[in-house]
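Each in structure tokens, the structures are laid out below.
Shared between the two complexes below is chain A, which pairs with chain B and chain C, respectively.
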Partner chain A sequence: MAAPLTLVLILAVSIRAVLFRSSLAAQISERVEVVSPLNSWKRVVEGLALLDLGVSPYSGDVFHETPLIIYLFHFVVDYSEIVFMIADGITAVALYLSVKTYNKNVFRKQKYALEADRYPHDCLELMRSPKEMFYIPLKVAMFYLLNPFTILSCVAKSTCGINNAIIAIFILCTLKGSALLSAIFLSLATYQTIYPLTLFAPALLFLLQRLYIPVNPCRSSFWIYTLQYAFMFVGSLVVIVCLSFFLLGSWDFIPSVYGFILSVPDLTPNIGLFWYFFAEMFEHFRFFFICVFQINIFLYTIPLSIKLKEHPVFLIFMQIAIISIFKSYPTVGDIALYMAFLPAWSHLYRFLRNIFLVSCILLACSVLFPVLWHLWIYAGSANSNFYYAITLLFNVGQILLISDYFYAYLRREHHLSQGLYLQRKDGSEATLVLK
Partner chain B sequence: MAAYKWSRTAVFLLIFVSLIHTGKSDNGETLNDSVKGEEADQSVPGETQPSDESSSENGDAEQKQWYSTDLEMNDALEGSKAESGMNDSPGDSKLFTPPPAKDHFQEELVIRPLHSGDIYANFQFRTQLDTDFVQEGNKVSHYRLFPKSLGQLLSKFSVRELHISFTQGYWRTMQWGQPFIPAPPGAELWVWFHDTVLDVDENWKELTNVLSGIFCASLNFIDSTNTVEPSASFKPLGLGNVTDHRFLRYATLPREIVCTENLTPWKKLLPCGSKAGLAVLMKSEKLFHSSFHSQAVHIRSICKDWQCSSAAWELRQTLSVVFDLYTSGQGKKDWSLFKMFSRTVTEACPLASSSKIYVDVTDNPEGELFDLNPATPVLTTTVVLGDRRTYAVYDLTKAETFGQLRSLNLLIRWKGEAGDMLRPLLHAERYVAGFGLQTGEIHTLIYNNHPYRAFPVLLLESVPWYLRLYIHTLTIISKSRENKPSYIHYQPSKDRLRPHLLEMLVQLPPHSVTEVTVQFERALLKWTEYTPDPNHGFYVGSSVISALVPSVVAMDIKSPQERPLFSSFFHVKEESSYFVRVYTEPLLVNLPTPDFSMPYNVICLTCTVVAVAYGSFYNLLTRTFQVEEPSQPLAKRLANVIRRIRGVPPL
Partner chain C sequence: MGLLSDPNRRKALTSLLTRLNTPLCVVCYLAGIAWFMGLAFEPFTLRTYMSENAMGSTMVEERFPSGERALATGREFAAQKKKVGGMPVDWLVKTMQARGLEVFTQSFSRTLPFPDENKERFMVRGTNVYGILRAPRAPRTEALVLSAPCSPGNSNNQAVGLLLGLAQYFRSQIYWAKDIIFLVNEHDLIGMQAWLEGYHHTNITGMDFTPLQGRAGSIQAALSMELSSDVITSLDLVLEGLNGQLPNLDLANLFHAFCQKLGILCTIQGKLQRNDWDSSEGYTHSAQTMMLMVLKQASGRPWGDHGLFLRYHIEAVTLRGINSFRHYKTDATTLGRLLEGMFRKLNNLLERLHQSYFFYLMPSLSRFVSIGYYMPAFGLLAAILLLRALDLWVQIGSPAPVSQDGVGETEPPSNPGVLSILTPIVISHLTGVALYTLPILSQDTAVEHFPVSETEAVVLTAIAIYTAGLALPHNTHRLISGEATEQGWRVLKLAALLYLAVLLGCTALINFSLGFILAVTLVPAAACVTPHMPKSLGALAMVLLSPGCTIFYCIFLFQDLQEAPVTLPECCVLFLSVISQGILDHTLYGSLIYPLLALFVYPCWLLLWNVLFWK
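Up next is the complex of A and B:
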């Protein structure tokens, strides 16, 4: 299995290397779909230049990376291309290993359930075979490495690639059952962009499940473990934040990074929902809607955790997808991360309702983004509404995709407990509805 | 000659009458009346009208001077003796003890025919007040010539130095040479506060609002988003070498439109208003029908005398106009005061200690180029802006200047073509490069036209926050080689709070063009942050280039008191160079705009998308899968109801 992965890695690196050397790289790094004010490489370089001038990079409103990133690139700025390629490689390998572990778990559980005869008899065709699962990790790695979104993001040197790598390592550590490493990487990811905070719940659920601790608020073992994990998370977060304080000697980065993410002062167009909404917002409703939109991202965590408490890995996927749709400065790199998981859910394909429509929407929108951007910004023959309409449609597409997968997952679980071919009382073939 | 005789008689009469009256009473009112009465009897109505008026005003002024003189001011008597002597009309000074004038006033007009065929007229009015009223415990409540509104403002806000200018049009350095006092298009304000001020920003805010009222200008739009604290470019021009730039504030409003309503309050600050003296020439319909109009107020503290024993306040009001007479005058370069201002000068401001008109005749030493009419025998040579220039001087305090018609209408008739102008040693231009509404590049070209001397310049750029500058893209190239600035002060912008400030000290090689480029990104603003005409674009203020330019001739470093006003504004410290400030063009930059008619639609549509997500998740989270049981048709249900009533088992 290592050989095909190596091949994919070599292919991915060579594609990126070719693009880095071509004239396209400069154009790609200016695209608003690929880079946001939060992770654009131009701004990292600007931050380094400010540091060289003896000005705090956070005294202005151009640089919004965390202090650790600026110190990372302070040393490796000349090898940035290699760093970003390595980050992509790490993400792919981490996803590969974690999906492999996950599949092993799934298969083992399925075997036990089959042995215990817990599945209805007509569900055999829902069972997952080792043969179809064999190539899934490779497909996941391929989906990440060869996804045009990832390639664009990497060629633009968006620091989103590094954030993705951190999240991927976090997933790997969680699935491998290492609570401490998982907490450390979760706190790193949170430190980078706040939103991965919502991944705390699925990680905790997975670790509990792995140790056979039931999720029951009345049991003390549940609380002890939760507190333990929370303490590791908060502790490493505090250590990282204090480390950044000592690196720069000031707390300026807190408002400049987290204030910037939460209050959305920069309305540069991107593929998300925030920019036009807040450009057109009535001033005295602004604060209210910022709160609503930011809470919206964290809102789904608790109900989803309750609903999917038996399936934390799917919950991780859902959370990453929700973050990348609703975050304040989304880029295509964020989308690439959750899209990499899609092969892992290939067994849900038969239950997806509108995958054709959604993939058409997403493809069409991806093509239309640059077209309408050109019409608005360069040709002047369109206005901002055109681009906004496409971002709306793109987000509707993503929402449909996610809810479709959610639906399919729930439905499969339902079939696994109730049988695949359900019948009405009168014996005719039944249709399932949500009630 | 007859008029001269008459006026002499009048003066003698005046002396006589005043001699009688001083013995009896010091009532100025009766004195004036009697003088008027006597004179009216004597004079020929049409001809002596002006002199009559002037003498009566003189009397009024005298009286005011008496009243405003307090006992505490007597200590200033010695120092100002000479000046007050000059101030008074010749007859009176011999008779009274000279009143201790605390302030004196000078006015001056310089006319320079430009090589492009335009005429540059520069008015300067200088009021000097020999008290330091910003010093604590020195409250001044009597103002004579110095405008009270400004005096109170200075003491209230602890202002050390104040410079404000309103300009319409752009000074074309390449065609017109250097102006005497440069100013950028729009409004410019820079203020040095005293180092005792605790909250400079608060003082600055209030000051701009007060000035906005005084000058009827939109200076109240100066806020933290367009105010900077330059670290090197704006040093105090007066006394005091405080260099802590925390007490300096600089702001420009490049979009400010200057018009009559700004000129009227400006004229009111003059001691004679626009009633007498050179200010009568300022007719707004003519002044604003010009290629360039700039009016300014400069207040600073200066040395009172040679020894610099004590400080005095200087108020300089300047007004520069460039008339395009070449195109409007059917290709003729001839001009006269009447043609330019539709007025002629008939008298000096009676309160002025000196009142002069200078005409630049450097190019016309033998009179072969143009005729200056009336000719004056008085020529003066002064070194201004690194060049020795010759000026014909008309002293308006002397009656013979006005000739028989009692009015002075200078006129020039051109005989030949003027030669080429010397290129100004330093000039600059600026433009925005790039296309589209996403990014752009600001190019600033600085020309050093000196054939063999390199000199450093200070470049100041203040760019609003919505053009996000990327300082790492800054390149400075002279003679196709990279030029490293020896000093950079950069303050990045804060969104909606503070602009970018970039100051650099760049060495300009001899005879070269230095190109400074920096890239920027255009921000999308909130819809309420756009101006009412968003597609017109946004202005970026001029960048300021300050330099000590090597001088061709030795500069005059003697005391500025003895030089004409126009050549004494910037203090010259050494002979070999002179100070020049050059302003580049302001920029007009387009920003991407949202659709201003869309707020409701956008809010509705975006919320719908969020609701779609919320709804579908809510649906999946709260409901469970169930087998759908087909509902019975309506007829069957009705039949069952009836059957139940009948007590028959349902179908």
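Up next is the complex of A and C:
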């Protein structure tokens, strides 16, 4: 399996290398869909220039990346293209390995359940076979590396690629069962963009499940482990933040990075939902609605964790998707990360209901973004409403997509416990209705 | 959300859509065409109105007195032009300076990729002369442009004369709050392109020009004037610009308002307005006017010198004086007053023209159809593609939107790999790339080996590649592994349908007319094509509905509407010249029609052609 992966990696790197050398790179790095004020390479370069001059990179309102990133690029700025390609490669390999591990777990669990005869007899066609699962890790890596969104993001040198790599390593460490590394990378990801904080719940659930500790608030073992993991997480977060403080010598970065993410002062159009809403908003209500919008992202963690507490990996997928839809400065790179997981759920395909509609919406919207941008900014004949309409549709498409997967996942689990051919009390065939 | 989640209702809806698919498609197509034709019917259109406050309520008085003197200047200019045998640069500089303008010149040169046979030029070298009247009343941050082309022969001398006359008159007025640039451009659009690129410090088409020595503020609006006789019977308004872009509707309203005030006959597309909308002649007349506008817009060429301004976000129109045999004549003084009035109103602008519509069609000068009214016509045609795609999706038998939740579904027998449809897609796009690049690259080789001129070589190579593309599908079949399945063509057709829908949708947003015209011919082809049709009949129908033939029909219709009908052989000659003009427009001004057709529409049509010959 290593050979095809290497092949995909080589293909991906050569596509990126060609694009880096072409005149397209400059155009792509200006697209609002691909770079946001947080992760635009232009701003990183500006920050580096300020740092070289001995000024705090956060003076002025241009640079909003974290100190660790700027010190990373302080050393490798000349090799930035290679760094971004490596970041993509790392993400793909990490996803590949984690999905492989996950599939092994799933298969083992299924075997035990079959041996214990826990599935109803008509569910055999829902069972997953090793043959079908064999290529899934490779497909996941391919979906990430060859996704146009990832390629665009990499060619634009958006630091989103690095954040994705951190999250992918976090997933890998979690699935491998290393609590310490998982906590460290989770804190790194949180340090980068705050929102991965919500991944704390699925990681904890997974680690608990792995150690056969029941999720039961009355049991002390549950609390001990939770506190342990939380301590590791908070500890490494504190270490990283303090490290940034010592590197920079000031706390400037806290308002400039986290304040910037949370209070959304930059309303440059992007593919997210914030900009138009807050551009139209009366200043008076701004604070209230910012709270509402930001809480919205974190709110889904609780119900989803309760519903999916047996399936933490699927919960990770859901959380990443929710973050990338509702975060304050989303870019296409964020979308690419959760889309990479779609092949891992290919066994849910038969239960998906709107996949045709949703893929049409996502496809059409991705093409319409640049068209409407052109009409609005260059031709001057359209206006921001046109662009926002497409943003809205794009996000509705994404929400439909993940809710469809969510429904399909739950449905499969339901069939696995209740039998595939449901019958009504009177013996006729029953249908499941989601209301 | 009940519709999306309740399996019974979904099932009912999808079965309805698949059962009634063909009748629904036919109804959609007819309704789309009917809607479009209905747009010209007066009760369905809106009356134009001035949206911009700064131009609406303020009064201006036109006092321009010296039409006769302007014509005399025009005659002097003609004499000088004849003496020098081209643009009399020195004379123009001197005359403009005498009128108190800051005068600058810009020289430019451009070698065309191949000779332009319509205008008989290949190596173009020329000079633009422009004078700036500095605004006395305001910081000089904004500017207006009045331009007249210096054309070869005897045309447009009066336009230059009037321009100089207006310059002299404007100079003595004190109310100007914007700089006014008087521009005389040589070699019409090429000179204009050089001047605009020089003014905005860009170079997108690889032209050689000297940088501009003097500049005014950011240009808010521009008027371009074409006038070839001392008196005119009517004044024609030209709106269509590069890539089908249109100026803000307020500019057209402004023109119309002043024409009415000064009693000048005004036309659009060379057609006078009629008042009898309820008679069939009246309807035909406005339908013809609208169709002319649609065809001109779809061609994506600048139809006057103003066309290139629009790219820089500058609202601009061309006013073309027409002298026919009508008794009612307008003299140069009145024309000068019209321009004076328009400039004074534009001078009052506080911000760029943005209040009124940018997306519109005009069945007459006082009526317009806005985007909300004409888009449904396109939407109905595009809906056919989606209906067909849905139908195919159901046939492919994927459980997704159709089946009752997948329970009891059997897996589709063989899933055609992505690779099997990737081959035709890649090959047809490579053909498209060849169509785009080869004609110009290979003209030297073609001229060496065949007895044709360079222009003919380019056009004929393009047509040859276009036709050669039709032979390709037979070859791609060998490449597709093994037997071609029923599923295979369905997947390919599904991909082609969605591709076409997205492509036409984007085109229609940027240039409605082009999107609609392409949809009228491509949508039936896309909807009907299957490998089970009789091959020869299907092939004939497909060729007749191909993008190349669409251009042909458009030329025929255009000539017919212009009341200059052509016979079939004449139309073929025109067809060749239109193709060469299209390629020239792309290289000279960056028009996007040729790349759009070659790189996207043609490959998409080839995919459908591929479906037809699926074995």
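What we mean here is this: the second predicted complex is superposed on the first by the 433 of 435 C-alpha atoms of A that agree within 3 Å, B and C clash if a C-alpha of one lies under 4 Å from a C-alpha of the other, contacts with A are read in each partner's own complex, and residues count from 1 in each chain.
Quick note on the criterion: a contact is a pair of C-beta atoms (placed from the backbone, for glycine too) under 8 Å apart; a residue touches a chain by one contact, two chains touch by 3 or more.
Here the structure is a predicted model, which means the values were calculated and not measured.
Of the two partner chains, neither chain B nor chain C is touched by A:254.
In the superposed pair of complexes, A:378 makes contact with chain B and with chain C alike.
In the superposition on chain A, A:293 contacts chain B only, with no contact to chain C. In the superposed model, A:24 lies in contact with neither chain B nor chain C.
Among chain B and chain C, the chain that touches a larger number of residues in chain A is B. In the overlay built on the shared chain, the residue A:364 is in contact with chain C alone; chain B does not reach it. Of the two partner chains, chain C is the only one touched by A:421; chain B is not. Contact with chain C, but none with chain B, is seen for A:349 once the two complexes are overlaid on the shared chain. Within chain A, the residues touching chain B in one complex and chain C in the other are 378, 400, 407, 411, 422, 431-435. Per the touch definition, chain A reaches chain B in the complex via residues 30, 32, 42, 45-46, 48-50, 53, 55, 59-62, 265-269, 273, 275-283, 293, 296, 300, 303-304, 307, 325-326, 376-378, 383-385, 388, 392, 395-396, 399-400, 403, 406-407, 410-411, 414, 418, 422-425, 430-435. Interface of chain B with chain A (complex): residues 435-439, 465, 468, 470-472, 488, 490-496, 500, 521, 523-528, 592-595, 598-599, 602-603, 605-606, 609-610, 612-614, 616-617, 619-621, 623-630.
Considering their complex, residues 349-357, 360, 363-364, 367-368, 371-372, 374-375, 378-382, 400, 407, 411, 420-422, 429, 431-435 of chain A touch chain C. For chain C in complex with chain A, the touching residues are 2, 4-8, 10, 245-246, 310, 313, 354, 358-359, 386, 389-390, 393, 398-401, 404-409, 498, 501-502, 505-506, 509-510.
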